[in-house]
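Look at the two complexes coming up: chain A is in both, with chain B in one and chain C in the other.
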Partner chain A sequence: MGKFLASKFLQYVIVIFLMLTLNFLLPRLMPGNPLIFLAGEDVGFMSSAEKEAILEKHGLNQSIWQQYGTYIKHIFTGDFGYSYQQKRPITDLLMERLPWTLLLTGLGLVISTVIGVLFGTISAWRRGTKTDANLLTMFMFLSAMPSFWVGMILVSIFAAQLGWFPVFGAEAAWSNFKGVDRFIDIVEHLVLPLTTLVLISVTSTFMIMRYSMLNVLGEDYIMMAKAKGVKEKVIKYKHAMRNALLPVATVFMLSLGFTLGGATVIETVFAYPGVGRLMFESVLSRDYPLIQATFLIITFSVVIANFLADLLYPLLDPKVGK
Partner chain B sequence: MKKVIISSWLILALIFSSFTVVSAEPSVQTLKVGISKDENGLNPYTYVTGYPGLDLVNLLYDNLFHLDKDNKPEPWLVKEYQISYDVLTYEFKTHENVKWHDGKPLTSEDVKFTIDYFNQHPKSRFTNPLKTIASTTVKDETNLTLVLSKADPNFMLQPLADLPILPKHIWSNVTNPDDETNALGSGPYMMVEHKSGQYYTMKANSDYFKGEPPIGELIFPIIEDTTAMFNALQAGEIDAISTSISPELVNQFESNPSLKVARGPGYSTTLFQINAEKYPMTEASFRQAIDHAIDKQNLVDTILLGFAEVGSPGFIHPSSSYHNNELNPVFDPEKAKQILDEAGFLDTNGDGFREDQEGKKIDLTTLVYSNNPIRIRTAELVSEALNQVGIKNTVKAMDATTVDSLMWPDFDVSKGRDFDLGVWSWSNTMQLFPDRMVELFHSDPAVGSVNIGGYKNAEFDQLGEKLKNTYDETERTNLIKEMQAFVAGEAPIVPLYYQEIVNAYNPEKYDGFVFQVGKGIINKLSFVGGEKPEEPVVNDETDEEEKATDKDTKTNTDTASKNNSGIYWIGGIALLVIVGYFLLRRKKEKDNNQDDFDF
Partner chain C sequence: MSTVLSIENLSTFFKTDKGIVRAVEDVTFSLEEGEMLGLIGESGCGKTTVAQSILRLIEYPGKVVSGKVILNGKDLLKATDDELYSLRWKEISVIPQSAMNALNPVYTVGDQIIEAILLHEKVSKSEAVKRTKTLLELVGIDGERQKSFPHEFSGGMKQRVAIAMALACNPKLVISDESTTGLDVLTQAQVIALIKNLQKKMNLSVILISHDLPMVTAICEKIAIMYAGKLVEWATTEEILNNPKHPYSKALLNATPNLSDPDREVVSIPGSVPNLVNIPKCCRFHTRCPYAFDRCLNESPELREVTPGHYTACFLEGDKNG
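After this line comes the complex of A and B, so read on.
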């Protein structure tokens, strides 16, 4: 086990180092630079000296190696720096956005996994019946819908027309709700984006679960259990479903890593203040420090989730560790 | 299991059906105005966009003068003023009872401090216009004299009606203004809170020297997706929006009885930019052919559905007093072909497209921002029109920063350019200051700082020099008209259209909006008390008709919307019943034919 961990650890160190470098290079490989976002709209009327001064202030006229050095140094001191565009410490920005993103994508992941697993089980159990065909059609239909479209439809029906839910935002923060009122307000704001997220992401879990369940149902021990006269429910949920969950668990762990990246499209449609939107804006505005910080968070959380999955797998499936 | 699912669905449906929009109070205690971008700290150094960012700054700060709804400067902090005959000495007397938000008085010392501070810590928009000021003398608390080193015809517009006055007692301690978050000013509203990416709140400054502002609390939620913004306005969650409504939605908004639409000319100019430095665009004949090939009226009709003014070939907006009325947009594809034929751009190899004068292939690229559907459609129509007359080109849509980096590398025209053609747009300041014509086409990068096509013509340069040294208003107007005629003939750019600004708001919440020409309803005049200069709605004729029919449509649509929600209810219940029936039947079927495993 120790050797296993050590080799895994080394692998992760290399992966992280590569990611850090790519993370630094990618934004700088994009055409254009953040000048207009540093200088504002009047950039066209500035003298070269003024522009030069702005670049110098942000260390953008240094050589790429110097910039890389500062970047690595800052990462090890945990200093993400200032956002060019928002002119605020990036740590503050992320701390504001992360809770909302976790609320939305975390809940979305849990709910879509639960739904996907349940229906995947049902569908596989009744393979070839009408139920199976209907479920398959429905989930394929769901996965074919683009998220922005689902979001816009939901908004126009349930928010704009019926007025049941708010159109935008994560809470009516300016209302200064406290306690239960605030909770209700947040839930109201959450319903539509969360529904959208679940609708578009549930299919993959469903498909994996259904396929994996079908495999398990083909195993001899299921036949054996049936022959013994074990109750259907017990076979379905105890013998088959639990064993079929393994691939779903892998996908879950992987997705868990990506939850910190938020759901860019949905966050944009619902003006939800999550990390995804922050990342999108930072790319458009060539906000190098912010791009690096958001990408870095995603990288790290994916790597960590992977690592956890590696650790958990032997526990879930004793066959793997040996 | 299924029962659980069905019942939980029903419970959910019941819970959510009880949510309704809370109806708003009639008085103007709070007004929510949607904006599309976070503007950072709202002080003169840190705001982001010219509109609405600077307009929000102007709610917190005051200027000596202020632009009225027709963009003419009117005294604001200044009570009385005198300008000497040589237009070099300006004497001001400011209002006496002006206070900063913390209660300290605003005096001439603050004005002098502001001028010195912006000179010391440059912010180009505010600092550059200050360069003509030779001396600032404070006489007493309210009297101040400015002496200029040379006359400046735009001095009233910039800096006087543009420079926000900073409180000395706060900014004298600020050494790094770009990182300053303080937004304490003397304006009609005071900053309460800014939640990054979410909203700003301001409250009325009840001590304001022009009287208490009409709105108790102003909230500016940040909604980046324009569709979400329009939805929020229609759902009544916000009361006005800063974004102009896209042409295809104007009808929908006009037919909404709870909203009022204010329309007016916009000063942002969409044009077809030509790289005049690259052959064959260096040839005037080639550029003229491009101009003749494009049907500008068609762009306005099909893409903007009429909500725009056709581009004047001399760049200046037709509603501007500097506009040259003798110039008319041209469209004549046959003429375009003729010009190209005569200049030697012929289709020698018979592929349907013209080759250059030496018989080499011409294959151009038209760049356009990918985030703007209207501009993409424009680029496509223009590109098609050019292909029709035999100028081969293809549209390439890329993200804004990438297009900028090709057309205007480092925003410095002396650094060259790497494009052929492009759909481009200049913001409204270009039209507000017609002198900027010189900056647009002068060949010296130090003067022609926005000459992104690299156009060079000694004759135009001379006109530009002349304008700079002309102070007589009639002579200036004549020169600017001459320049327009020159541009129309040479076609370094092809102005396509000026998109109209269409704003919408909920008049029941607040009806005091003022439409500022070229900008829209989000401006200081909309949010201060006192007499309002007429109705904000610009299209008067249709307004009357609308009012006449307003009542009927209102009652009609009211019942219609009730019916509508009824339909939704019935539909929802029907759906639940169908789903329930379907699921229950499934269960029965399952009971009948127990196991149907097929491995």
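After this line comes the complex of A and C, so read on.
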């Protein structure tokens, strides 16, 4: 087991270095002026002194190896470069956005997984009945709706018409809420984007769980448990669900890696200050250093989530590891 | 000797898109204490369906539509859920068709045997662990291996585990459903010998489902032959071998190579098994029977006792004696 993890760890370290290297090489190997890719398209408006400073910072007049050394050093000291468009260090920008994204997408992932698992189990357990058919129709309907559309409907009903929730943002602007008040304010801002996120993402877990549970229920060991005189409830939870959860766990771990990337569309619709929207903005304004940094963050988190999955999966499935 | 189990006019159908599959219809036979009965027939003739109907394990889209399954004077088809929970495994246990898949992959084999013991007997956990050890050793597996997971065993070993599990609560009746499929010939012989041994030692009644006629004739006292969902003949092994009545039984014997008479020609049965979907009233063997006449096409022959203890369902036999 330890050996297995050590080799996995090494594998991931290599992946991260490959990504870093790629990220380093991309702006330097692209045709055209590397300055554009390092500083964004605003370079056209910069004075030669400013350009000189950027060249200096990235060591573009040094050898490629020295540049690589500097780059790696920057990354490991948490310096992801500078957004010339936003005129701020990228690390600051990211640190500001990450908590919101984590709150929205992390919570969204957990809630939609729980709901999907619950209803997937019910649906499979009552396969062929009206309940199953209705749940299936409902979830298929949900998955067919575009997220911006769901978001706009929710906003127009619950924010604009009924006024129950704020229309946009993550907390009230220019307010000075503290403690519980701030918490409530944040929750109020979170409800609509979170609901949208859950509504549009819950179907995949539901479908996976339902399908997986149906497969498990057809397995001989379920029939055997029944033949042994095990009660229905115990069969459902102890024998069936425990097995059916394995594929859901895999998908959950994979999605966990992408949570840091945020939910671009929803964050944009609700003007939620997450990483997804930051990425969207950076693409719109061709803020290359920012684009690269966000991609790098996502890569890191995907790799970390994979490593977590490797750590946890053997606990779930005895066939893995050991 | 007393009758342990008697099945009377059992019918089990499956609802499918194409119509009703009359998988088992009007099946009658019974089993004495300490008797080993071979239930044979071609693939798809309904053997597993009979076995599952006995313990009420038939699931949607299947349904036991009529008949009685009388165990010690009690009709299992009318038993309440609670009665069923307590008599499953305690009275009747099963060694399933694919013992390979009969063990839950996420629990140790020991836990699965212990589960059965604790469900039906008032013993402590440590007592159950001890008994599991003894059971595994009975079938030739190191008792310490109860801590292993199913995937850590070979196919033959899983088969033995399934046998050990079937004996866990000292049942009166064991149904072995082709429990040697997928094993090599030597292991098959070992497993069968093991079942036979245990049967003698514990005075078990056994229904041995198989399509291996020579094996069944070698170890069973009685044989019941099924064809396309119907029981066509039921008698002592001797009677079946020396005095088969039903044209299908005769054809089956002729189609089976005989080691003691290798010169005898092996004659295959022409034609194929009828489709059981919405099958009309008829003798289901008429499409392949050389003696078929008008009546066979419109009427279904009933199982009759043609000589004491020898039952068959064929108009030729029925008319002669009844």
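Basically, the second predicted complex is superposed on the first by the 249 of 322 C-alpha atoms of A that agree within 3 Å, B and C clash if a C-alpha of one lies under 4 Å from a C-alpha of the other, contacts with A are read in each partner's own complex, and residues count from 1 in each chain.
FYI, contacts are C-beta pairs under 8 Å (C-beta built on N, C-alpha and C of every residue); 3 or more make two chains touch, one makes a residue touch a chain.
Computed from a predicted structure; not experimentally measured.
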Query: With the two structures laid over each other on chain A, which partner does A:50 touch: chain B (first), chain C (second), both, or neither?
result: first
Query: Can A:168 be said to touch chain B (first), chain C (second), both, or neither?
result: first
First, second, both or neither for A:2, with chain B first and chain C second: neither
Message: By the touch definition at the top of the document, which applies to A:31: first (chain B), second (chain C), both, or neither?
response: first
Partner with the higher number of touched chain A residues, chain C or chain B: B
- request: For A:179, select first, second, both or neither according to whether it touches chain B, chain C, the two together, or no partner.
  value: neither
Task: Identify the partner contact of A:225: answer first if only chain B is touched, second if only chain C is, both if each is, neither if none is.
output: second
- prompt: Which of the two partners, first being chain B and second being chain C, lies in contact with A:242: first, second, both, or neither?
  reply: second
Message: Which partner chains sit in contact with A:318 here, chain B, chain C, both or neither? Use first/second/both/neither.
response: second
Chain B and chain C contact sites that coincide on chain A, given as residue numbers: 127-128
Touching residues (chain side chain C, partner chain A) in the complex: 52, 55, 57, 59-61, 84-90, 93-94, 96-98, 101-106, 115-116, 119-120, 149, 151, 165
- request: Would you pull the chain A residues touching chain B in the complex into a rising list?
  value: 30-33, 35-36, 39-46, 48, 50-51, 82, 85-88, 92-93, 96-97, 126-131, 152, 155-157, 159-170, 173-174, 188, 191, 217-218, 232, 268-271, 273, 277-278, 281, 284-286
- line: Contacts from chain B onto chain A in the complex sit at residues 16-17, 19-21, 38, 40-41, 46-50, 122, 124-125, 128, 178-179, 193, 195-199, 201, 219, 221-225, 227-229, 231-232, 234-237, 371, 399-402, 404-406, 408, 410-412, 414, 427, 439, 449-450, 564-565, 568, 586, 589-590, 595-599
Field: Complex contacts: residues of chain A adjacent to chain C
entry: 127-128, 219-221, 223-231, 239, 242-243, 316-319
